[in-house]
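Each in structure tokens, the structures are laid out below.
What follows is chain A paired twice: with chain B in the first complex and chain C in the second.
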Partner chain A sequence: MSARGTTIASMVVLVVLAAAPFLSPLVHLDVSIVSEVLVTAIAAMSVNLLLGYTGLPAFGNAAYFGLGAYGAALSAKYFHVSFLLAILIGTAAALLGGLLLGPFLLRRRGIYFGLLSIAFGQVFYFIAYRYTDVTGGEDGMNFPRPPLGLPFANVTVNETAFYYVALAAFVLALLAFRAIVASPFGRTLVAIRQNEVRVRYLGLNSDRFIFVALLISATMAGVGGALFALLINFAYPLELDWHQSGYFVLMMILGGAGTVWGPLLGSAIFVIGKDIISTITPLWQIFLGALFVACVLGFPRGIVGTFSAVLRRRAHVADVDDANAAFDPHAPVEVGRGV
Partner chain B sequence: MIEHLAPQLVNGLVLGAFYAIVALGLSLIMNLTGTINMAHGSFMTLAGYLAYTMVLRGTSFWFALLAAPLIAVLVGVLVERTLVRPLYAREPFYSLLMTFGLSLMAEEVYRLIWGSNGVPFSPPAALDGTANLGFMVFPAFRIFIAAVLVVAIVALALFLTRTRFGLRLRAAVQDTEMIAALGTNTQLLYAVNFGLGIFLAGIAGVLAAGMLGLSPTSGNALLMPAFVTVIIGGMGSLFGSIVGGVLIGLAISLTTLFVPAASEVSMYVLMALVLMIRPRGLFGEEGLFG
Partner chain C sequence: MASDGVLLDARGITKVFGGVRAVDDVSLRVQTGTLHALIGPNGAGKTTLFNTLSGYARPERGTVVFRGTDVTRAPNWQRVRMGMGRTFQTPSVFPELTVDENVRLGVRAYAREAFRLRTPRGEAAAAVDRRVDELLGFVGITGSRERSLAVLSAGTQRLCEIAMSLSTDPALVLLDEPMAGLAESETDRIITVIRDLRERLGLTVLFVEHNMRVVLSLADRITVLDRGKLLAEGTPDDIAANPAVRDAYLGEGVLDHV
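Then we have the complex of A and B:
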């Protein structure tokens, strides 16, 4: 798609998102569901940075997501902090988690990195699960949604207000994400995916780049997690579980790995699909599993990725092998385009 | 306290043998094809439920112990040939995702067939009592479990080192292209190897059903310790998986005795410690799996 076409499409998406609280009742969709789409999209975006751009199988981002959720929930419940401060604390907790796990994950690449991410991520799950006195254990913990906390507008956050906070966070995350992947730092991440040995020969410490990418990813997931807890006024251990990590990966691949808008699209399909299918049948998990299988076997490049590949082909640009879309070193990623 | 120590240690060894055998199956599949089989726990659960149904229908426990894993192997090889095989040429992460999807579906299917709640699956009467080990008494079923698991591990070791097929399998792990060029049917190797991994999972699944309970998610509960086992032992090393399993079993049972709340976390602490000293695990080789 031409740069202008992409810009126009992005503008349309943003306008629709801005009007969503007024549009969603028309299609019988709860505003809170649309909020959930945005919030999980931020987490899916965090996976995108590691997996889609840096080529690391990040299968543990639920740890940071859950740390964000519990950070926000615990601080709101026990210290009665404001809405915005709860987000900040949740995010800080996720960043701390990244600082703690990063040094371990950094040492390995490829599928080993994935295995380490899965395993280490579970630590926090068991802590939340076992530390019943504070976290409520398996049952989770609920808490009242705190007031916003701006000095001039310390108002209660209703569902519409929440939506706009979530939208603001999403747009900020999206802009930050675009800036990061377009920066020399982001280019280096893509270069690491394509040929890490060469990056090292150029004198760059790839470990350090990956560590920073991991911290950014953890922070982003933390924002998503904190918002998620505040959205449902609840935090529970399964948010930290490796299944949740898998869902984020699915959203990202479904939408399109290495694309800027893919995570939002994937998250929308996942969250809204779950909402609709769960009301029809209790077998949501079968659909979900089938979606994984279909996605991997059928369209690994995701919706946005496949769409833009078709457009590129029409523009007679050489195409690459479809099968390894997310990890093929030469697969195209969107850098500096998209919004 | 000290009189609890001995049973707890033996318990830890039995638990460790479980982790080891699940990890061995995972490692077999991982080493040859790079596939991290997230559905491994689902195959354990499947074998457990099949055995449960067989015993319920009146077959003997001994028959079920062998037949249920074999049926799981059939299902496993079918899945491998149809769904996993197309992914061998692609990045290993895709097969991880695909098998994850399969495990989600399997869990729901088990829930449909056998219900969400756990079902009782007790060992046969012959193994119901306790055995006197001289220094302590211990449930006979657990001794039996340990014995079966040890036999399975020894049989696997013999198969891999003493038979022509096992030799080919190990050669294929080192260089699949070379062994294909020398005329070995690598697709057959892949299928048998996958089946072998599932068979180990199936045996563990039936035994675990008797010891740890049987529910749609019970197999998956053993999957995570098995991952940690593989990491501690070192990816690529089968021997490492055995050592790793025993270490984790002991770590978990000892923390259960002293700090029950930390029993799960202890294995991750152990994993972190091992990785600090040896980043590729105790017996992992440099270069394998990055």
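Then we have the complex of A and C:
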């Protein structure tokens, strides 16, 4: 897609998101469902950085998501911190988790990285599951949603207010994500996905890049998790479970791995699809499973990835004469495999 | 650099794969400014030796000294920073990126820009552009700069890989079978580039090659491996006259035509 086309499409999406609390009743959609779309999209984005861009099978990002959720929930319940501070604490807990696990995960690549990620995630799952006195164990723990915590606006956070906080977090995460993947650092991550050996033979310590990518990913997943707990006023062990990690991977692949907007679209399809189908039948997972299979077989690049590949092929036909035109180093870099 | 003019000094390298001594007590000295060829029949251990020299694999025994520093335990990326570049038998490039981006990644890595979150502008960006232009011009693939590597011929991929290995400003370049599987015109181009590496850039080159005619006309120094062991070492004339080498290559008839 051309840079201008991408910008226009992005603006349209953002305008629709900004108006969502007023639009969603028209389609009988609860605004909190749209909040959930944004919150899980942040977590799916965190998987995208590792799996979609760097090529690392991030099958355990629910660990950071859950650390974010429990960090926010525990601090809100026991220390009565404000809404914003709970987000910060949850995010810090996830970052700490990344710092702790990163050095071990770094030692493996490919499927072993994935297995190790799952295993570490399950450790946190069982801690939350067993440490009943504090976490409530299997039953989870509820807590009242704390007030916002801005000195000039320490208001209670209703569903509409929550939505705008989630939207702000999502937009910030998206802007940060775009800047990261378009930067020299992000380009190096893509290079690592394509050929890590060559990256090292360019004199770069790829471990260092992967470690930082892991920390960024853990932090983003933590923001998503903290917001998720505050959205439902509840934290439960399944947020840390490997099924949850799988859902994030699924959303990312559905939307388009290695694309900036893919995780949002995947999250929207997943969350809204689950909401609609689960009112009709408790077997919603079968339908999502079928959708996933169809997507992997039919559109392995995901919806955004397939769409932008088609547009690029069209644009390319028009551009053939331009192949030797002067290179513009300031032109927007095409990131990953799509827009 | 070592004062005696030895750029790379490998001593008693042994590398074992599951009981097989792929490289068995091989020593190799590469003098500064030479085109040094490494030859031997298939399975002689050339690539394995290359891998231990460049840090792709760690030898069971032996030491690798580069520019006077023991690098036996240094990771590959560190050796690159010390001035060692390498290519692989199958070109090791970024297939989905363009020629320009492939080389640019190397130039940015060398300029210590790869870790940045901001794309440098102004003079720093211009310096990177100039360096990319220079490298693409040197190997002669400027015309393909906007094409992605996956769609290019093996020869262009290899030239791009050479440009990438030059982007880190090496003193020594290791080329693993740079002419394997190329058309004749492409082979000539690679031979010219290898000569230019020394004549125009003043680099030292260690290369693996099968084509004896190319090796004997191009190299100043030749090391012959056979079944993991050092068979001979010397000038092209020494090697062509060496009975043990003639034996190892017997039946191939390559030496009779030189």
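As a working rule, the second predicted complex is superposed on the first by the 316 of 339 C-alpha atoms of A that agree within 3 Å, B and C clash if a C-alpha of one lies under 4 Å from a C-alpha of the other, contacts with A are read in each partner's own complex, and residues count from 1 in each chain.
The rule is short, and it goes like this: a contact is a pair of C-beta atoms (placed from the backbone, for glycine too) under 8 Å apart; a residue touches a chain by one contact, two chains touch by 3 or more.
Predicted model only: the values in this text are computed from it and were never measured.
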Chain C versus chain B, contacts on chain A by residue: B
Partner chain(s) touched by A:I253 [first = chain B, second = chain C, both, neither]: first
Chain B versus chain C as contact partner of A:R108, first or second or both or neither: first
First (chain B), second (chain C), both or neither touched by A:R187: second
Touching partner for A:N205 - first (chain B), second (chain C), both, neither: second
Partner chain(s) touched by A:F79 [first = chain B, second = chain C, both, neither]: neither
Chain B versus chain C as contact partner of A:A179, first or second or both or neither: second
Chain B versus chain C as contact partner of A:N195, first or second or both or neither: second
Set of chain A residues, in rising order, touched by both chain B and chain C: 323-324, 327
Of all residues in chain A, those that touch chain B in their complex: 57, 59, 104, 107-116, 118-120, 122-123, 126-127, 129-131, 242-243, 246, 249-250, 253, 283, 285-286, 288-293, 295-297, 300, 323-324, 326-328
Sites on chain C touched by chain A in the complex: 54, 56, 75-78, 80-81, 85-86, 88, 92-97, 100-101, 105-106, 108-110, 113-121, 125, 128-129, 143, 145-147, 164-165, 167-168
Touch list for chain B against partner chain A, complex: 30, 34, 36, 83, 86-87, 89-98, 100-109, 112, 224, 227-228, 230-231, 235, 261-262, 264-265, 268, 271-272, 275, 279-280, 289-290
Chain C partner contacts - residues on chain A that touch it in the complex: 179-180, 182-185, 187-188, 190-191, 194-195, 197-206, 208-209, 323-325, 327, 329-330, 333, 337
